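There are two complexes below, and they share chain A, which is joined by chain B in the first and by chain C in the second.
Let's turn to the complex of A and B:
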């Protein structure tokens, strides 16, 4: 199978497309509108269970998510053939390599640039706020959340069979759309994705009410990078940042 | 239907003075599900416990909340009382209204209100508690003692003499530690070697003790009763089996100018060496860093001189795995590096030495055969200045604590000096004389009265050389006058500090340490020899500065703890362990990695035909320590901890 893109309803919309024969290849498109990270489809129930190889179109963020999914035992990298591409100034360029390990140098260079790339004027503005102002800011943003969980469905990292929000014994995350429940859900989501989010933007684009999820994602990425030198998706053996420790991790908050 | 009994303790004035216990009992009595709500002066006392038992029987209580001190104090007490009254002990919970409330608040009304909140939250938890049964685990009856100083040797001998197996691991080539370096010991002035060497030999020859020298513990896994320990046997390049300890190789070794660690740099040793003449085992090792062969590829003089071919340059480090039931840590101390005191000139002027170097000079088997001679010119010093607290009780350059032994050993040094050099004069600068201990004050008085040590209360500001003398300038604070003494030698009573690798080592074996690197006891007063990790005990100066009598007492105490543990075949463990919901587990293995006790395994779920459906995490209840790390990690909320289930915690939080 090949997972790629096909035209959508308008010129700047592309849909995921799955083809099984060479003849179908004509149906695929690749242009600067192909920004969705498709890697989440790989972990759909049963897709990889026949142990056959799957080829998939991926940008560098998508390639990083392959590493994370492999590190978290959700897929076997031997089954994945990467058709890598990148988009710069509306131009699509092909990337060298097929196997995820072949992109190691590329990912290394993305990590080098990450401290600058993650910078964002709005983020800096929020950081400059007092805790109270910040709370008000997010309260306002989250007040629109309708708990559709589209952000979760769109995220390749949200592969759990049962999400914590579906757990009602006890109901940790309140399902109603008031301040408490909205904060609970968005904080849990941020926490579960810290050190795992590759910043592909699937969630942000999926949100029907335009909550700026990318800001939260970028902030968490900055935190794990600064505190633990952890950059999500460096390799398929990378240990999850929240389940591992190094002896020289800073201990600023213990004792 | 829940029938909860709530027992509110005054803890004398501790709780009663701040919290209105009568009012609290009345408020709580109204809470749904509460059948009994009473207060009493001391529930932990016998009559208090009896009243709880009676209430359980009379009212058929389904759960108990004791609102009292921290569960660390009396949870076990009250659970036992409940069990005696026929209630499952895990149906009893403690609401901490002392440490969490009365001790930290000033306003009685608000404190009473908060105490009600805390108590209600525990009532809500208890309603959801399950009856748990303790887990039985086997105990491996073999102890590991780490460190072969006096503390380690004492612990090993005590355990072995009680008939249990011991593995004694020492990282140096010989047993002995610091006590082997000392000359005479306060307060009795008996010769250190004479009382130490027989104990070293006894430990080495004991049929129940397996001695591993030149060895280091590299990892400790498992838990109380069932530790798996990996030990690195450093290559000695000398075959322990065949070597007879004749010492021919040592005499022939051309590298003769290596500074001896045992003699604190005052004496010299060879590259193939035993630390001292009475070493146990009395078999040399080759120090790879200084051996000519290892440096240049040529020499092997020792090999040729050995009549029985015991030397083997191809030897490699080896690793042994041990199954261990309990561990005694006795890794000792180091003396602080005095170079931090530039004004005293240690390291710059050869005749400024440490107390430990003075011990080597005074030792009959030391580099000067017990004569007090100056390192610079080998002359006998006529005036010695001793500086106490050279590092201790000095927050700016040294350490904040008192090293406890320096007052005593300095008095001892002055006495030894007076006995050896009759016309010699000693001046001792001190801050206070701390001589608490059996026969200790009498000892320092003897130094002053019989051996005429002159004590000057004050600090030294500078030491500088003049001709062949060391000029010592200080102040006598009692007279309020500056003092200047022309001395031949200056001895610094250096602070006792943890081993330089103590923190790393503590992480390796999994125990806690303080800001300096001394290992933490579980409770300073009530559990002073237990570490914070069950089954690991502490002995000697690795825990805090101590003299020999204290080190030995603590070692014997540790040994008795180990023997108590070994007195049973199995061990009852708290059933507070995690379990996994296999249906919802995503198999991400985060918990496997996060578990500090390696208690989580990967398990295959197969269908009837044996085909793999999925792989999930599975907790081994024998290994799980109930820390809850995995529960907090699991994103799919698949893991839960018995005794602290999500339902219980949630109810507890919502009850607030």
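Let's turn to the complex of A and C:
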């Protein structure tokens, strides 16, 4: 199987597409509108269970997702053939390599640029706010949340077969989309993505009410980079930042 | 001669309705999202939107709504009901597909049990619909046998004038007439022609699709798996849909007191049909997508004689993976019956 893109409803839209025969290859397109990170499909139920190889079109962010999914034991990298590409100034360029390890140098260079790349004027504005102002900002943004969970479903890292908000015996997290419920959901997700988000933007684009989710995830990425020198998706053996422990840790507490 | 409401007079109308105790609601866009929201002045309306991102449904069937409060005491359990706020409202500038969606859901909410949360709001809300003069690639009302100037579900229909300076007024119900009597002196007689309604191409033949869906052998067709392979299982389509109406009950509180709430739920979610045993009769996403299509175009019309879709196209317009009812029914209409 090859996972790629095909034309969508309108000229600027692309759809994820799955092909199984060489004849179907004509259905695929690759251009600067192919921005969705497709890696989440690899962990959909049953897709890799026949142990056959799957080829998948991925930008560098998607390639980093493969590393994380492998590091978290969600897939076997030997099964994944990467058709790597990048988009710069609306131009698509092919990336050298097929196996995820072959992109290590590329990812290293992305990490070096990360402190600048993660900067965002709105994020800086929010950081300059008082805690009360910041709370008000997010309360307003989250007030639109309808708990459709499009952010979760679009995210390659949200692969849990049963999300914490779906654990209902008892119901740990309110399902209601009132102020408390919306804060609970969005903050739970932000923590679970800390050190795991590659900033692909799938969640942000999927949100039907346009909550700026990228800001939360970019902030958490800055935090783990600054505090732990951790950049998500460096390699398929990278220890998850929130699931690793050192005996000589300088802190006296955990979280 | 027809009665005309000039745009310049709208602000006075809004003020008049507000003085009469009505909450005035209409299409509003803020920096990042649009919805039907309460306004204080006509300038807050945005009639340039094809339609707000969020459907009109949430004004009648909110995403979360308290139903009752309970307190468990030593000898007894006290409960008290919540009722919707008794405010009177006027929605100015509903889209015909949104207003139709409400009419489609009326029989559902009044079927074996009369849902007062729905009907109290329906009974106290005047719906003033503006006919569409433009459409986008996702609009599909005509495929659902509706039109861009449909009166279904509306109390008043307004047709934009060709000179873009107001609307022709067509009162449809007593509720609509009462609301417009409040502003009768702000209306004029005129002969200004209405702008042509939007041209919405028919995207699929509904009858062909319904015939295919009604054939029992097509329930197990491999078509469902193919068409829904890229569905990520979120509820964007169902929650933005003006007619999707499924909900769940949740008790929020501690052992001794809390609130029972009615929250939107979606057939897209795996949890929607999960049994306590762990068995899920709709175990795959394709079974869930099939349910959504079957419900709208087979089961719902079987029971209420109307399709549970008004053709707004939000499901496709907002889908993170560019799926939706249009694509599925277009594909079905090409299959052998």
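Keep this in mind: the second predicted complex is superposed on the first by the 246 of 255 C-alpha atoms of A that agree within 3 Å, B and C clash if a C-alpha of one lies under 4 Å from a C-alpha of the other, contacts with A are read in each partner's own complex, and residues count from 1 in each chain.
Here, contacts are C-beta pairs under 8 Å (C-beta built on N, C-alpha and C of every residue); 3 or more make two chains touch, one makes a residue touch a chain.
What you see is a predicted model; the values in this text were computed from it and never measured.
Enquirer: Clash or fit: chain B against chain C, after overlaying the two structures on chain A?
Expert: The answer is fit.
Enquirer: Of the two partner chains, chain B (first) and chain C (second), which one does A:192 touch, if any: first, second, both, or neither?
Expert: A:192 sits against chain B, while chain C stays out of touch.
Enquirer: With the two complexes superposed on chain A, say which partner A:57 touches: chain B (first), chain C (second), both, or neither.
Expert: After superposing on A, A:57 lies clear of both chain B and chain C.
Enquirer: Of the two partner chains, chain B (first) and chain C (second), which one does A:103 touch, if any: first, second, both, or neither?
Expert: Neither: A:103 stays clear of chain B and chain C.
Enquirer: After lining up the shared chain so the two structures overlap, which partner does A:5 touch, if you call chain B first and chain C second: first, second, both or neither?
Expert: A:5: touches no partner chain.
Enquirer: Quick check on the superposed pair: does A:231 touch chain B, chain C, both, or neither? Answer first, second, both or neither.
Expert: Neither partner.
Enquirer: In the superposed model, does chain B or chain C contact more residues of chain A?
Expert: In the superposed model, C touches more residues of chain A.
Enquirer: When the two structures are overlaid on chain A, which partner does A:150 contact: first (chain B), second (chain C), both, or neither?
Expert: So A:150 only meets chain C here.
Enquirer: Touch test for A:168: chain B only (first), chain C only (second), both, or neither?
Expert: second
Enquirer: May I ask you to decide whether A:242 touches chain B, chain C, both, or neither, giving the answer as first, second, both or neither?
Expert: first
Enquirer: Once both structures are aligned on chain A, how many angstrom separate the closest C-alpha atoms of chain B and chain C?
Expert: Taking the overlay as described at the top, chain B lies 5 Å from chain C at its nearest C-alpha.
Enquirer: Enumerate the residues of chain A that count as touching chain B in its complex and touching chain C in the other.
Expert: Shared contact residues on chain A: 169, 171.
Enquirer: Hey, which residues of chain A end up touching chain B in the complex?
Expert: Where chain A meets chain B, its residues are 72-74, 159-164, 167, 169-172, 192, 239-240, 242-244, 247.
Enquirer: Chain C touches which residues of chain A in the complex?
Expert: So the residues of chain A in touch with chain C come to 8-10, 13-18, 36, 40-41, 45, 144, 146-150, 152-154, 166, 168-169, 171, 174-178, 181, 202, 205-206, 208-212.
Enquirer: Chain A touches which residues of chain B in the complex?
Expert: Residues of chain B touching chain A: 504, 507, 583-584, 586-591, 593-594, 615, 633, 635-638, 646-647, 650-651.
Enquirer: State the interface residues of chain C toward chain A in the complex, per the touch definition above.
Expert: Against chain A, chain C makes touches at 32-33, 53-54, 63-64, 137-138, 229-230, 232-236, 238-240, 248, 250, 252, 261, 263-264, 266, 269-271, 276, 284, 316, 318, 320-324, 326-327.
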